[in-house]
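Notes follow the structure.
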Amino acid sequence: MSKVLSLHDAVERHVPDGVGLLAVGGMHLQNNPMALVREAVRQQRRIRRLLTSPCGALNADLLIAAGLVDEIATSYVGFEHLGLAPAFRRAVESGSLRVLECDEAYITHGLGAGAGGLPFAALPVGLEVSDVCRANPESYRLVEDPFTGTQVLAGAPLRPDVALVHASEADVAGNAVLGGAHFLDRVMALAARTVVLQVERVVPTEQISRHPVGTTIPGFLVHAVVEIPGGCHPTASHGHYRTDEEHLRRYLSLAASADGAQAYVDDYVRGTTEAEYLRAQHPAEARHAREELR
Amino acid sequence: MSAAGRGASDAPGAGVTSGELMAVELARQLRDDDVAVMGTASALPQVACRLAKETHAPDLWFVAGGTCGVNPHLAPAVASCCDEDLLRADTAVPLSDVVLLEGRGDVFTVFFSGGLQIDAHGNCNLVCVGDWGRPSLRGPGTVGLPFLARVGRVLIYTMSHNPRTFVERVDFLGGPGFLDGPASWEAAGLPGGGPAAVVTPLCTMGFDPQTLRMRLETVHRGVTVEQVVDATGFELVVPAAVPVTPDPTEEELTMVRRIDSGGLLKGH
Amino acid sequence: MSKVLSLHDAVERHVPDGVGLLAVGGMHLQNNPMALVREAVRQQRRIRRLLTSPCGALNADLLIAAGLVDEIATSYVGFEHLGLAPAFRRAVESGSLRVLECDEAYITHGLGAGAGGLPFAALPVGLEVSDVCRANPESYRLVEDPFTGTQVLAGAPLRPDVALVHASEADVAGNAVLGGAHFLDRVMALAARTVVLQVERVVPTEQISRHPVGTTIPGFLVHAVVEIPGGCHPTASHGHYRTDEEHLRRYLSLAASADGAQAYVDDYVRGTTEAEYLRAQHPAEARHAREELR
Amino acid sequence: MSAAGRGASDAPGAGVTSGELMAVELARQLRDDDVAVMGTASALPQVACRLAKETHAPDLWFVAGGTCGVNPHLAPAVASCCDEDLLRADTAVPLSDVVLLEGRGDVFTVFFSGGLQIDAHGNCNLVCVGDWGRPSLRGPGTVGLPFLARVGRVLIYTMSHNPRTFVERVDFLGGPGFLDGPASWEAAGLPGGGPAAVVTPLCTMGFDPQTLRMRLETVHRGVTVEQVVDATGFELVVPAAVPVTPDPTEEELTMVRRIDSGGLLKGH
């Protein structure tokens, strides 16, 4: 049974309005599953809690700009060398967005605990001195190490209800190949109850089979596959295209004000179909292929 | 020589920019047996590591966190730590493995750090300015900075040497330096070695072994001690004699510019 | 600086006599680092505690047959469809070998905890009903989950002093490619203080660089590389040769008695160099190449 | 028809071996929405899964633990769960991921199990016979059997149907079945569903819903109920009527023999 769905149907069926914990894959300005994120904006999906990989960027900021996020669990939202995240900043500074302050270790090990059905993740000694755990007592607690008797930090398991993840290619059964870096995308897919994949292309299973152990996501974890070449734009897709920094700068400059952010959401997301957006913003000529990354 | 170090136009030597000089200074901190890791927006430490590896530290290892390329070849260096070009490397590992190994504590000997705020004891903060619950400036977050507590040597760098960045105490302790000084540092008994150096467009600093407060080591050519003191928001330890940071050699400069052939460090 | 060493030197320098926790890679009848294991027998390395991947085979049984192992932490020692492990059986039944009874979950997550500097690994609810944790109170303890207040099982971190691991190829700096399945070999390499790699061939770094993320062991974890084509014999090496079941049956039949086990160790290990052994037992014609696995 | 089922020579139908019949019986336990995982020496469940997938359960997933090939193509099936041929598959994952997912509990719906001892409540033991501290027979270990506590349906199979294997209570509880019966099973509140079926060369068994003890469901052609009772070391629940296990269809048999073209199930 094919899991390939249209962008509309994938979001409609698998991203419920008011989703409890929605995880968005990719990292910094790369491999953000932007087509899925934009569609969630078009379908006005309210997100009770959003989780980023250690470093979120437009995948988080756009959802926040669209006013859809109640809370965010993150260790970073920003645009790396391009600047701070304007909607995230504004929402936190104005008190309209609650932050579950996390660090990279907790996000990684918390997702690992979610994937493994582990009750919690004990974290390395020393991490308890940062203020992160005090800012987020919901996710971090102290626990007595039963082997040494000392108090150590524990992180709650992270079990996303839905993960939106980009992969280079997948077959119709959902077996997917990560092109290039993995970031936390494999771990996110292992931990989430529902995985919606956005891919550059759907390929025959034989093409997936050729990839070695450790580079793929098995289809039994995947609920929907959306083929949408270019769909990470304006972020990069490893092996397919680079970050469109010009477009991101335009976003940053618009989103610097609440009105501008609204205008961006209206003009580039709500007021346009994904196909129209990509045709206008990300023509196929802007893409390349580095097969060796895949 | 002009009295600056903050721009390409008025840098010392043969048009050496602050970024280029800082890359050279960071490279000098690296040893042949180091395994270094760096994160967000890390063009500068990328170049520093590649430079060190091609000069005095051929057996150095460095991992560009994010993409996790191991010894990326960097021709040229890239702005984003997640750029696919960082996979042009000796090998590459999944990020989740690098996070594991950061916790192991005995694998990575050098961790590059920075922040919106860096304080007198080398603590770093990338989370917020003001009260965490209602910040006047919300920064991106802590990323992996809490791991600083476990790493051998922390190398801090920033392009912003001013009193807003260099504060007496960080508003949010994301990346631990020497905490509140010797007593608290000793009490915490952290496995790591703490911050080892701070490199900025104005100077290179270390830490006073008694007070564990930041201490001026060298000023970059054209910068005065007074300029550094004015640009620092806390009382800096200033030794009687502060030498000028050694100029990059011709070889170093040529190499930096080959590694940074895209000119990322030119604008700084 | 090249890390390539002769078999003799690698073991002499990196496997101390009386090693505290020695981990052996591979699983079942595949990818056992037998050349390193045989050399440890030749150099009479006493092992205070031996750790297998979830399933050890000849890698463990031979060291036990040679009388070198005080204790074993394992979830399985056997020869899969070929039968039980004769030296292991005899040693445990006679009380000369102490067993730290483990299960697959603990070995995996315990190594993960070792790799991550985590104080311990909290284990999935339900695993506490098996007798494994009661048989091994040193490695398993109960801990109060600070998020739910319930008692859950915790496993102590596994930090091998030395791991002996097979990989398909490596460069002189120790960057290695796992051919075929990973078993727990990557995790073992991540967790061990010292990693000694046995590889089918040493290749230029450029050849390692072509392999995608997730398939390699980075050289900064590796202390020595030993090039020894055929060195997994009589177990298989994925991509290079299959299990020599005939030889294994000979081992099983000999090792069924203590004297026979001694005779095997004398004839096939102590009384022969590795080169002689391979020439006689595993001629190059017995090998093949499935490049697509690598 | 001869009264047996334990060898190629005297099996029912067109020379169907016990192994072949068992593969078919196991396949019948599998559903289209299952995700099954198997471990050590798993030729039988491999064939069963491939057969189910090519007949009534095309969307079934199965993972050959060890190598962790996903839906291995199996032409032919292999004896070792770590054989490189299992990587001829739709895809493959690292073992450490499969171990993670076994703990998640809601991914794998079927777990194949077995043991040196299997008891009246479906508990499995692969560790030892006798006292653990000084066993009369030391087996290999528990491998992943403790995960049985968390999986939807446990399918038990063994080639050894005799009173030494089928005991009232396992000497070492490695893989939990229904523990000591309804009271202890309820008290434990395990997340898994417990054992669902037991397939041997003599018969197929299930569990009595009241007592959670093993119950005879069908006897293989040529085997009598009395033979099964004699071969079982505990008091088996025997319903008034015990049908004969349905013969494999021509299609099933042809397919099993194509999947097992190496004849691994021929010898049993």
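The chains carry the letters A, B, C and D, assigned in the order they are written, with residues numbered from 1 in each.
Everything that follows uses one rule, which is that a contact is a pair of C-beta atoms (placed from the backbone, for glycine too) under 8 Å apart; a residue touches a chain by one contact, two chains touch by 3 or more.
On a predicted model such as this, the values are computed, not experimentally measured, just so you know.
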Where subunit B and subunit C overlap in contact partners, by chain label:
A
If I average the CA coordinates per chain, which chain comes out farthest from subunit B?
D
Take the average of all CA coordinates in subunit A, do the same for subunit B, and state the distance between these two points in whole angstrom.
28
With chain centres taken as the means of their Cα atoms, state the distance from subunit A to subunit C in Å.
37
Would you kindly tell me how far, in whole Å, the mean C-alpha position of subunit D lies from that of subunit B?
58
Listing for subunit A: what residues touch at least two other chains?
109, 112, 116-118, 123-125, 180-182, 186, 211-214, 293
In subunit B, what residues contact two or more other chains?
68, 87, 92, 94, 99-100, 103-105, 150
Throw together a list of every chain pair that touches.
A-B, A-C, A-D, B-C, C-D
The residues of subunit D that touch subunit A in their complex are 35, 58-59, 61, 63, 68, 70, 87-94, 97, 99-101, 103-107, 150
Residue set of subunit A touching subunit B in the complex reads 27-31, 54-55, 74-78, 80-81, 84-85, 88-89, 92-93, 95, 101-105, 108-109, 112, 123-127, 129-132, 135, 180-184, 186-187, 214, 236, 238-239, 242-243, 290, 293
The subunit D residues in contact with subunit C across the complex are 40-41, 43, 66-68, 79-84, 86-87, 92, 94-96, 99-100, 102-103, 105, 126-127, 132, 134-147, 149-150, 172-176, 179, 188, 190-192
Touching residues (chain side subunit A, partner subunit D) in the complex:
1, 112, 114-118, 171, 173, 175, 186, 190, 193, 205, 208-209, 211-214, 216, 218-221
The answer for subunit A against subunit C in the complex is residues 109, 112-113, 116-125, 141-148, 150, 152, 154, 156, 178, 180-182, 186, 210-215, 292-294
